[in-house]
Structure formats: structure tokens, C-alpha cells
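After the C-alpha cells below, expect a handful of questions from me.
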Amino acid sequence: MTDAMQTAGDTEIFDRVESQVRSYSRSFPRLFTKARNAKIHGADGTEYIDFLAGCSSLNYGHNDPDMKSALIDHITSDGLTQGLDLFTNAKRDFLAAYENIILRPRNMNYRMQFTGPTGANAVEAAMKLARKVTGRQFIVSFTNGYHGVSLGALAATGNSGHRGAAGVTLSGIHRAAYDGYFGPDVDTAEMLDTQLSDPGSGIDAPAAIIVEAVQGEGGLKAASADWLRKVQAIARKHGALLIIDDIQAGCGRTGTFFSFEEIGLDPDIITHAKSISGMGLPMAAILIRPEHDIWKPAEHNGTFRGNNHAFVTARVALEKFWKNDRFEKAVKEKGDHLASRLEKIAQNHGLSARGRGMMRGVNAGSGERAEAICKECFKHDLIIETSGPHDEIVKVLCPLTIEKEVLDAGLDVMENAFATVFGQSHLAAAE
Amino acid sequence: MTDAMQTAGDTEIFDRVESQVRSYSRSFPRLFTKARNAKIHGADGTEYIDFLAGCSSLNYGHNDPDMKSALIDHITSDGLTQGLDLFTNAKRDFLAAYENIILRPRNMNYRMQFTGPTGANAVEAAMKLARKVTGRQFIVSFTNGYHGVSLGALAATGNSGHRGAAGVTLSGIHRAAYDGYFGPDVDTAEMLDTQLSDPGSGIDAPAAIIVEAVQGEGGLKAASADWLRKVQAIARKHGALLIIDDIQAGCGRTGTFFSFEEIGLDPDIITHAKSISGMGLPMAAILIRPEHDIWKPAEHNGTFRGNNHAFVTARVALEKFWKNDRFEKAVKEKGDHLASRLEKIAQNHGLSARGRGMMRGVNAGSGERAEAICKECFKHDLIIETSGPHDEIVKVLCPLTIEKEVLDAGLDVMENAFATVFGQSHLAAAE
Amino acid sequence: MTDAMQTAGDTEIFDRVESQVRSYSRSFPRLFTKARNAKIHGADGTEYIDFLAGCSSLNYGHNDPDMKSALIDHITSDGLTQGLDLFTNAKRDFLAAYENIILRPRNMNYRMQFTGPTGANAVEAAMKLARKVTGRQFIVSFTNGYHGVSLGALAATGNSGHRGAAGVTLSGIHRAAYDGYFGPDVDTAEMLDTQLSDPGSGIDAPAAIIVEAVQGEGGLKAASADWLRKVQAIARKHGALLIIDDIQAGCGRTGTFFSFEEIGLDPDIITHAKSISGMGLPMAAILIRPEHDIWKPAEHNGTFRGNNHAFVTARVALEKFWKNDRFEKAVKEKGDHLASRLEKIAQNHGLSARGRGMMRGVNAGSGERAEAICKECFKHDLIIETSGPHDEIVKVLCPLTIEKEVLDAGLDVMENAFATVFGQSHLAAAE
Amino acid sequence: MTDAMQTAGDTEIFDRVESQVRSYSRSFPRLFTKARNAKIHGADGTEYIDFLAGCSSLNYGHNDPDMKSALIDHITSDGLTQGLDLFTNAKRDFLAAYENIILRPRNMNYRMQFTGPTGANAVEAAMKLARKVTGRQFIVSFTNGYHGVSLGALAATGNSGHRGAAGVTLSGIHRAAYDGYFGPDVDTAEMLDTQLSDPGSGIDAPAAIIVEAVQGEGGLKAASADWLRKVQAIARKHGALLIIDDIQAGCGRTGTFFSFEEIGLDPDIITHAKSISGMGLPMAAILIRPEHDIWKPAEHNGTFRGNNHAFVTARVALEKFWKNDRFEKAVKEKGDHLASRLEKIAQNHGLSARGRGMMRGVNAGSGERAEAICKECFKHDLIIETSGPHDEIVKVLCPLTIEKEVLDAGLDVMENAFATVFGQSHLAAAE
């Protein structure tokens, strides 16, 4: 025990020394000490089911034993930890695995750029590169899109809470409406094409269109395959690059490695972060079609673009989960099960479920109610959060590797919490 | 051996699959496999002395055994890896250590915000917060300053190579001249005060002044104590926050934990990244004076702001190196030694040495010559890089923990390389 | 004859000394020497009918005799010419006339700011003031809107030809779709409300909504009364100011003094330029609801904001044309006549007519065809131009004071030109 | 008398109907009715000497009889008033006179673009064109420079009062220090060269350097010939265009037609406004070296770019004052006289005089004192204003055509006002 140790479970130091900006610890004010797959342990011994999973950065669960083992081997043998962008065996082996397991079987031809290890940095790099390739300034992003909070990425992000903290005028973005934004009868892709085809629209010819196949922070809205294909065609037609921001929806979250695989997209740039390292270690990258890889050396850089620990665990993740289709099939089955249980919860209360794969949620109708449900869940040892513009979606982002019975146990808690909160509000309404 | 493995030392995959943006691997085109303190091993068995040290992100050397051990313990016991901004014991113990070992003995009262684990993100957070606190838009940054390449930080960065990749108009920055920029007789701090005191200067009342006490990327220029104190006074006088960007110069690099300790500054915000995790793991944070900690929850966020592996090693670094003044004294001695040897190298060739602590270099007079020297060093198994606006500074950023004899061995290589290159250029000139 | 005079009709000097930026003189490459009401005379004696009317800055025709007479009296008596923003009798009398003839009878309570005498400057002032009043940065402007080409106004303008010349990133605008932009079945006002009501839309709470009741440069699209009323309600609902840009559509062009009078709008700011001086002299102003008149003295200024010649003719225009409803009635009748004749031309060729009042045009289907028609008209001594995003609209902006027979003569030329061009294209198509 | 007329001298309507933004009418709260050369008449019969001269837009005085006469002839004969950018005889004759009288004798080869008739618009056009020619975004402007208040020009303007009203982030400008800004011993041109020669300075390679030879609003600071020549050389060296903003200092104000004639500059773009029309009518233009005249037709436009009344009076001004060197000599003599009298006033009170030609002032030491002096002058029927960053300069901008005795009468008033105010402040200090 170090001399900095305090009474188990004491969180008083956070109030004193950590900034007020912290957020999740407000919803789950416990001290957590251990975690394995879909379970997190509190200092008091309580075992929580984790339906948050590091906001989808823990798709393979907490502390996968094979990743742990490989990482410990790497550390033990004095493998490089921080390698800048030097060639290392850890990076080489990751690249080789990525090429063999991901790219080649999908007939994808891309180069990978390791950016600073945050999703925002991957987005910044993608936006810069698209502007460099096309010589254009504006990028089309969508309503309720989330792409990070550094200044360039923030301009593309829709959330007003984040945007309001910019402090300077956000620029370089034209905002378009996501699939279904104006209801099922309005084809928002066609609207975008209309605007881009009109030299008087005030929507300048864009450097890129950046889009999430499923909007995570935006409220688990899944775009239709048809709409995404149209968006790609629009990008091509107007000389813009297509950037798929796969940070949250990628790495198996929707059931395939990329969120757009079954849709048949062919993006110019793809962003990776969150679960790409496999174990939740900071890592981010962008995939670039070779003809667009026109960077000058170091033109976009970053000290931590060579997190070798992450390369080690990222390689293991590919080798363990993606060398054959077993994991993919399992995720799809689990996703279907999740869908049907959420659908039932939704129907119980006249609500709607949404999402794709294992990226799903239930619209609780209001942020207050969704918050109440999450609180109720936490009382019963389930960690679950909201998303959406009004924080109105109760969102399930559990590890893809969650055991069936743990998933069901968590969903049981969730189902009861909906019942409790809706029961209470019925009572409240009846009074 | 994993099935992704290839022939030892083969780097062909990087050409095929990694983006052209890579830079350091161009200067040091070897495959590296292991590292310990100031030594890195190539796949072919060659042992290199590391005077680059992850661009100062490895102040405590590669793979410190105590950090390794603590990290392996943490991993073995299923400690949290990715914790978002949840309370975890790893974070708590780091905060406690930071409070006890760093803040209290220095009578410093700050709150810490864990930003996305890159220096750029820490800078973005600092700039946003300063704008939020003051309601002002412009931030003063300095010639040759380096603060990162995401869009907000990039506006503050001086390097034209990075700026040229922005793709949109960089804004929100007024540029001032760093200490000594116009020669020893021009007081650039006074110039800044003149401009800020003049309502017609076109330099708007700034939200903040962001400054590095020693400019790393800018060419190892160390500002004088007097100048830095004036800059702080100017910030106060004009209602601006003082942001010390301590990402490269902090964590002991200049001989004290903070780069400004002996100067007696009292910054409003301090940025940490690079060596804060101790072992080179991605981690970044800003220190905020409590009265400025006015963030709303999650107003600035980021998935990887809770890299618990980094919290573990960061705690060990504090406990191992900063609980008493032994390390500090050793660094100062080593820094003096480094200074005198660089001074001698410089004198040999009519050049000048510069820098502070263990952040020093020699101005080789031109980028071409500095590059030739670094190449010559690498031939003799020394990894060393350039910095400065023309890449004209041969820069020593070795681990602070480097063994005296390894330091001298590296400096011997460097001395010979200068002699070789200057000899060649004398000959070339004599022809 | 001055010694600068040259052979009548010689235009060679323009090629040599005037910038290539000139535009109208390319369509009408004649030297013009005199003009009266709807007729312009060439140096060679040709008399042209003017359906361009200074782009609606000559609503009362060229050289109205009463304005001329009053202006000559003012000049003869050494009345002030340039008065900065000093109190002058010319300005006073104009303000008094404006108050008595325009504001009071309409129960309108506004203050008038004389900006630099260009429409762009009026728009810049309006945008600045809206931002100052609300503390917000973004302004909503519409597809195909035209608001000028100085940098602030240009951001609000839709035309890509103008936007492309900005040279820096245009910012501070969210673009919304004008009435009917996506066809008759899509309620674009409702779409805007949806976006502004959604905190995740990425469309920030705006400082203002700036809109033209009829888009002049955008192609003579007239918004419906219902849509404009909705837009006003949306502005109110979301705390934004409503700016009606009445520069082209105001001063009687649509049949009433303001373009929105019969619609019952109550804008926060209204812009005036073009025909406000009556005689085509440079003058611009904005009307501000008194509660928004929070400018500090000189906060927005401009040397020529006191063009006293323009005040003289502007006063005469009000007194001559707006003291009773005779002129208004005449304009409406003429507008109806114009509408029915354009409708007929359109029907002849399967085209559509559009516009409101005396701001009308025919969609020729393509820019090439519209240009050919205008050329054919010019061969028959009619000056007429195109507008619209593809320059596809043949636009009638003749003086409101045009004599019925001159109007019909011009329309006869236009009708024949359509027939000629469509005849030719039928032939071309038939070949 | 029109029915809008009111009691002579009544200014109540301005309070009620004119915006609070008005400024000069606060210093000179009288109703003015007539003006001739350097005299303005109040409605109450008082005759004021005018040392403000429309902020240098009335260099040839109020209502020059020859301009009046030519203008009345033009109006009487139905010459075009508003001509967009059509060819007209008035424009042709102005261009011919400008070519023959101004350009050819000075061996200058330029094309003229008529922009919207405000100085701000000329500056916006110049900045756009420089960005278009170079493909660069940033423009260097100077401390205390004034270039207008539309958004693009405002970024270049130094005055914080104006800048503060922008409402969005001003961008696209790097600010450099004007001649003498840091005292006589600091060569600010060399400083700029240092920064532009340093790829790490953060001052990007600029599209243009925009500079006033004498800063009017900035406080009548005259740059030295040597400094201006250096600035031109720096622009050339770094591939930037040199824009001389001659709006206030041009048209004879400094003694020659252009402010830089005797200095031997060769600008790429020159801006004209204020006195270019001769009589104070709104008119603005830029001169462009032919190789830079790469505008596409209408790429920068504006309804009032064809103010034919202004072309008429502008031509008369050239023919009357600039066909030989009589006027120029007279202005220089008057300027010398003015200089010696201001010098004497300054010496009386330990102050300093400054400026060049007939663009001169006395630094009263503080804005309060300068305001008191101007007030005292106005009590004695002299209209005179302040300038400078603190409004501390009492500024003489009388017509260049002012009669010697009127000039002396005005200076007598000024001399007494200084004595009165300084006497009062001596007394105040002595108490």
C-alpha cells in the first residue's frame, strides 16, 4: 500500500482536487477498483453490471485475459512503451494483423495514420486532410453528430452544450440533416444534393461529408443503408471526400467490424478510436485511401501517436475476435436478443426502441425520465447512461463480449427501472 | 510468435500500410524492439543511446522497473484500464500523491482536469476555459511557440509547416514576440504591454497569455526569469489569465518539477502532458486555480480522459522521484554537466549552446548541417533530433535518469559528429 | 467640352483603365449619356427602354424632375453636400418626412441609423447590432439570399461566385432553406424551427434571422405570407431578432412601401438602400426598434453616412409618391398587368413566371437561354438582365413609374425575344 | 417650404428618430444649413470655420463653385445619376482625366475598380483581391491603422471601440507595429521582416501588407519615407502585395496627390475614397496594377459603384486642381504654415505636434484635455475634432483650399483654446 492510499471508498479528494468538469462520477459516485468483462467492482465490494463500457471503448469488455497477458509479456520484456512514430515490432505486428485480418478479407486498400490517441484528434486529422486534398474549406456534418470537442472537431459536433464552450466563432462546417431528421417522409440526402447542386444555395462545395452510420451521442439513430449510399454518391458527385466517423460505431459495435460493411460503402477516410486498442487504452487512427495520402512528413503529428501498449492489445483483439466469423455471429445474435428485449420494454410503456447491432436504446420521452431510470438502475447495481440531444435515450452500450446471463440480468434491472419510473409517473399523473 | 509476425527487422509493411505523414521513422529507419532507461534496442541487436526520449515524454527513461512493476500488478489484479472520468482507486491515489508531493509542498492550490490524453487537448481545454472565464476571444501566444496541431491549439502554434495544413483560417490568436526574439536589447514583454495598453493597437484585450518557459519545438529558447515575471504581471494588469504550457518543459525537464518554480510564477492554468504519466503512457491534464474552475459538467470531455494505467505509473513517478530533493539535485548536476559539454562543442565550432536544465541544444547554424550531424550520430548509434524554426538546433532531450556514463558516451558521439560535419564543411569550403 | 472628352461613343478607355471586374457593361456595351424615367439614351442617339433600373435602385425612374429640381435648389443654395452625421436641415427634413409619411401611418416605431451608403454596409450594421443585442454569434440566412459582398454580408449571401472570392473562411452564418426551396410540400420554416428547438442540431441559437420577402438576386422568389409570419414567430420563439433585408424589395417594388406590409410583419431591424434616395444616389439606412438601439456613439460609422444630396431627393420621393395611396395603387395595377403579360410569355413556352408586385421574371429554364433572350432584347433596345442561381430568370425590374405604353413596348420586345430564342432552340432541337 | 419643415434650428427629431450611434452631432449639436469652402452656417446664422472637413472628404472645401456648376449642368441635362457599372460619358470623362492628369504624368500604370462608394468597401475589395492573387489568407496591418468597420476591413482596423462591436471572431490579420510605435530606436519594419523570414514565427506568409502613409484616425502619425520603403521591400521579398490605403491621406492631403509620391513607392493596390469625388459625394475606387487585375466579372460588385454625380465632380476636381503644380505648391506652403503654428501651440504647453502636409495635429496629452479644447473651440465657432487611440490628438483637417486668413483665424481660436484649457488645468493643479 502506497502512502497516498486512503480509506477504501473515500472520494473526498475528488471534490477537493478534481475539476468540476467531471461528469460520469456524478451519476455513479462510487470508487471503482476492479473490472472484468462486463462487471465493475466498487471499493465496498459491490459488483456492477456495466452497460456503459467506456462509451463503447470497451467493446471486448474490461481486462480481456489474452490482452492482459500479451501486454504483461510486452512490459516484462521491456518492449517499447512510447515510440513516437518510430518503427517498433508492436506497431509492425498490429499493422500486419490489421492488413491480414481486416483489410485484405474485405478487399479494402487503405493506409493508416496513427494520430494523437483521441477520437477528436483522428477527426481533426481527417478534416485537415480532406481540406488539403480538395483545396476546399467547408465540411458537411450532420444534425446530432458528435465528433469531439477540440476546436476543429467541435465545429462539426452538434451538441450545443459543447459548442457553447468554444469561446470563438466555430467555422468551416455546413450542417445538413441526418437520416430521418425531418420525419420518415423527408429524404434529407436528396435535400443535401439539392443544396450542393445549387450554386446559389450558400452551401459551398465541400471538402468532405463526415457522417456516423449510427449516431452514438446523438441518440442511437441508425441511418438507413439507402441513405448512407446516397450520401456517398453525393460526396462523389460533388468532389467531396466521404469520411465515415467510425469511432463509436466501429470495431464490431454494430455487428460487423466497420459500421458500414454490409452497406457497401467505400469511404475516403475512416476514423478509429475508442475500441480499436481492444482493452480501452488510448489509441486512434485514420484509414486513408492511398491516393489521398498526400501528407508531408509530420504535417499532422502528436507525441502519443505511438502508444505501443495499445498496439499490443489492439493486435490481440484482431487475432482473437476477427480471424473468423464466430464473434461477429455471436454479436449479431446478442444484438437481436437485445433488440427484442428493448422493443418489449419500449412497448410496455408506449415508447420506441432504436439503434443497430449492440448499439441500442429506448427513448424514454424526456431527459428527466431517462435520468430517473438510470438512477433506478444504479440502485440495482447497473451502470447505464443516457444520450441524445435531450439526454432522453436510455442507452445500452454493454461489452460485445458480455455473457448472455449478465446481459439478461442487466436488462431485467432496466426493465424493472422503466416500470418503476413509469409507474411512479403514472401515479404522479394520477394524483 | 503470433501469425502476424514477420522477419525480424523487416519494415516493408510500414511503407505499404502506414501513412506518409510519419516522420521520426524517416530519420531512424530501424525496427526497435526493446528499451530500458536511456537505451533502445534494434531488432538486429544494436543498442542505441536515446537523446530524444519520446520528445521529453520519457523523462524517467524507458520502462522504469518500479512503474513496470506497479503497472503489472494493476493489470494482474484487474484494476480498471479505461475509467472514463469515474472515481477509481488509481486516479484517487494519483491525485493524492499529486496533492501531497507536488502541490502542498509548493503551496500551490489548484484543481486538476484530466483532458483527452494529448498535449493538444490540454491546450484546447486551457484556451477554452480562459475564454469562458474572461468572456474574451483572443489569446496571446508567442513566436516559435508550439502548442499542438488540433485546430484551436494550432492557431497558437508558430510553426508554418503545421499551420499550413489547417485548411481554414486560423483565428483567435494575437502573436507576440518571445523573450530575446528581436535581440538582447529589445524588451519584448514591454512591447506587449505597450500594445495591450493601447486601445488602438488592434491587439484586443486577451483571454489569456499562453507561454512556454523554455520553448522546446521552438528551438530550446529559455525565457529569462525577469521576462516571465513581466509577462505574468502583464496578464494580471490586463485581466488575462496566464497559461503556462508545461507540456515539454515540465515534469523535471528544467531541473524542477515545474519549469517556472524558481521563477516564482503563479499561473492561472498549467498544462501537463508528455512525461506526466512517468512511463510515456498517454495522459494529459490541466491545473486550474479554483476560482477559474467554472466548467459545467462534461462541458469539455473526451473518452480517454481516464487512462488508469497512466494514473498508476504517474503516481509511482511522483513517489519515486519527487518525495525529496535527491532527484532534483541530480538533474541539476547532470544539467550543468550537459551545459558545459554542449558549450564546449559549440565553442569548438564557433556556435552557441542554449537551453535550461536538461533541455539544451546547440545551434548548428543551419538545418542542413544539424540534419547531417544527427545522421552522423545515428551512424554511431545515437538517436538525436533537431528543433527550431529552421530545424537548426541539435537538441538533447535525454532521459533525466540517464546514467552519467551513458550521457557522456552520447555526448562523445555528438562531439565527434559535430567535428566530422564541420570538418567536412571546412573542407568543402576550402575547396 | 472638357479636355478629357473623346469621340462620342468611344469606350476604348474602359478596356484600358477600368478593372476587369465590370459586369453590366459587358452585356450592354454602349456609352450611355442621358436618362429620363424608363428610358436611357446612348451616345449614338439610340433610346433604350430600361427594365433593369439600377437593379431596383431607380424605382422612381431616372432623373425625376421634382427630385432634380429640389436637388439643384439645394446645390445652388450651398446646402451641405457631405455632412458626416451632423444635424443638417436636409437630414432633418428627410427624417421628419419619413416619420410622418412612412412610420406614423403604419404605426411603426423605429429609429433610423444612416450607415455607409451601400446595402452591404446596412447589412453589416444590422448583423453587428443583432449580435450585440443578443450576445450570440450565428445568424440564420437563406438559400439564394443576397445581402452584399463585404466580408460580414458575404457570409450571409448564397451566391457561390461571390462567396468564392472571400479568400478567408466565411463564418457566423447558419444556412436555412427559403420558402419552397425543397418544393411545395416541404415546410422549410417548420424545418428551421425543428433545428432551433433541438439542442443537438448544431444550429446554434441565432442572433438573428435575416430574410428577403422576395429574393431579388436569388431569382425573384417570393416567400408566402404564411411562411414569413412563421419565420417571424420562430425568431421570437428562439430569442433571435428578425431582420428584413428590404434593400431590393422595399421602397414600393412589391407594391407597398415595405415588402412585408400586407403580411403584417413586425421586424426588429429593416434594411434600406437602393431606391431609398429616390433618384439613385448612394444612401443606406437601417430601421431599429428603439429597444434594440443600444449602439455606443460611433460604434459603427462611415464617412459618407451623411449624403445630404440623397436626403433631399429621398424626402421628395416620400412626399411625391407616398403621401397618399395613388402611387401604391398604380404600382399594384401595373404589377398585375406585368404579371399577366409575363404569365402569358411563360405559357407560350411552357415556362413559369414568378415574383410579386413589380419584381417579376420568367424562368427561361437555363442560364444560356436567359442570356440569349436578354441579348435579343438588347438588339431591340431593351435593357434587361437575368438573376437566379443559374442566371436562368429573365427579370423585369423596370421603374415603378414607367409609363404604361413604355412598359408594354418593353414587354413586346421581351415576348418576341422569347419567341425568337425558343424558336431557334426548337429548330436546334429539331435538327 | 415642404410640410416636413420645422422651426429653424430645432433638432428634437434627431433624438426621437435617429439612432444613438450618431457621434459628431454630439460634439457639434447645431443644425447646419449651408456651407462654402471652409465655412459652415448654422440655422441660427452663426458661421463656423470647419477644421474637420468631412474627415478629409472635403479637401477642396464645401461646394466648390466649378463642381457645383458642372454637377448642375449634368443634372439639368438628364445625365445619368445611377449607372451601375455601365459605360457612361461621366465615367469615361473621369477615367480619361484620371489617366491624363494623374497616372501618366506620374508614370503610373494601374486599372481602376469602382467599388461600393465607401472607403470600407474599397478596403474589402483590395483585401479580397490580394488574397485571390496570392492564394494566401493573412494580411498584415498596423497598430492604430484604420480601414473601416465592415467585417473584413474591421479585422484590419486597430481601434478597440470598433473591434468590440464585431460580434464574431475577427480573423485573417496579423498585426505589426507602425513606424515609431516602440519609440525612435526600434525599427519596426526590420521586426516585421524578422518575423516574416522566420518559418516558426506564427506570422504566416501574407497576401498583403496594408498601410497608411499617415495614420489619420490613428492619431496623425506620419511614417518616415525610409520605413515605408522598407515595408514595400518587405512585401516584395515575401511575395505579398503592398496596399496603400490612401483614403484619408490621399487626394492632396499630404501635399501631393498620393500620400507616397515623394517617397517613391510603387504599390500593388491603392485605395481611394473620401475626397476622390472632389465635392464630398460618395465614391470609392481601388487602383490595381494590371497584372493583379484578375477579377472575374462581377466577382466583387455593389449597386452604387456607378455614382455618376461623383464622376462629374471628381473630374472637375482633377482638372481644376491637378493639371499643373499650382495647387500642390499652395498646399505645401499652407502645410508649412500650419506646421509652424501648431509647433508654436505645442511648445507653449510642452506638447508635441505631428503629421505631414495639411494632416496635422497636436497631442494634448489626454483625451479629456483634447475634448475640452475642442469644446472651447466650438464655443468660438470652430469645428475641430480629436483622433488617436485615446482621442488625445487635436486634429486639423481643414480644406486644402482654405483661405489663408480663415486658416489663421481658426488657428487663433485653437491657440486660445489651448491656453484656456491649459490655464485652467494649471490653476486646477495649483489649487
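Per-chain numbering from 1; labels A, B, C and D assigned in written order.
Operating definition for what follows: a contact is a pair of C-beta atoms (placed from the backbone, for glycine too) under 8 Å apart; a residue touches a chain by one contact, two chains touch by 3 or more.
It should be emphasised that the depicted structure is a prediction, and the values quoted were computed from it without experimental measurement.
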Could you tell me which chains are in contact with chain A and with chain D alike? B, C
Which chain has its C-alpha centroid at the greatest distance from the C-alpha centroid of chain C? B
I'd like to verify one number: the distance from the centre of chain A to the centre of chain B, where each centre is the average of its C-alpha atoms, in whole angstrom. 30
Whole-Å gap separating chain B and chain D, where each centre is the average of the chain's CA atoms: 49
Using the touch definition from the top, which residues of chain A touch two or more other chains? 137, 161, 164, 168-169, 171-172
Which stretch or stretches of chain B touch chain D in the complex? 137, 141-145, 156-161, 163-164, 169-175, 177, 181-182, 186, 191, 194-195, 198-205, 218-219, 388-390
Using the touch definition from the top, list the residues of chain A that touch chain B in their complex. 2-6, 10-11, 13-14, 16-26, 28-36, 40, 43, 52, 54-55, 57-58, 62-63, 68, 71-72, 75-89, 91-100, 103, 111-114, 116-121, 124, 127-128, 130-132, 137, 148-153, 155, 161-162, 164-169, 171-172, 207, 273-274, 279-282, 286, 288, 293-304, 307, 309, 315, 319
Can you list the residues on chain A that touch chain D in the complex? 168-169
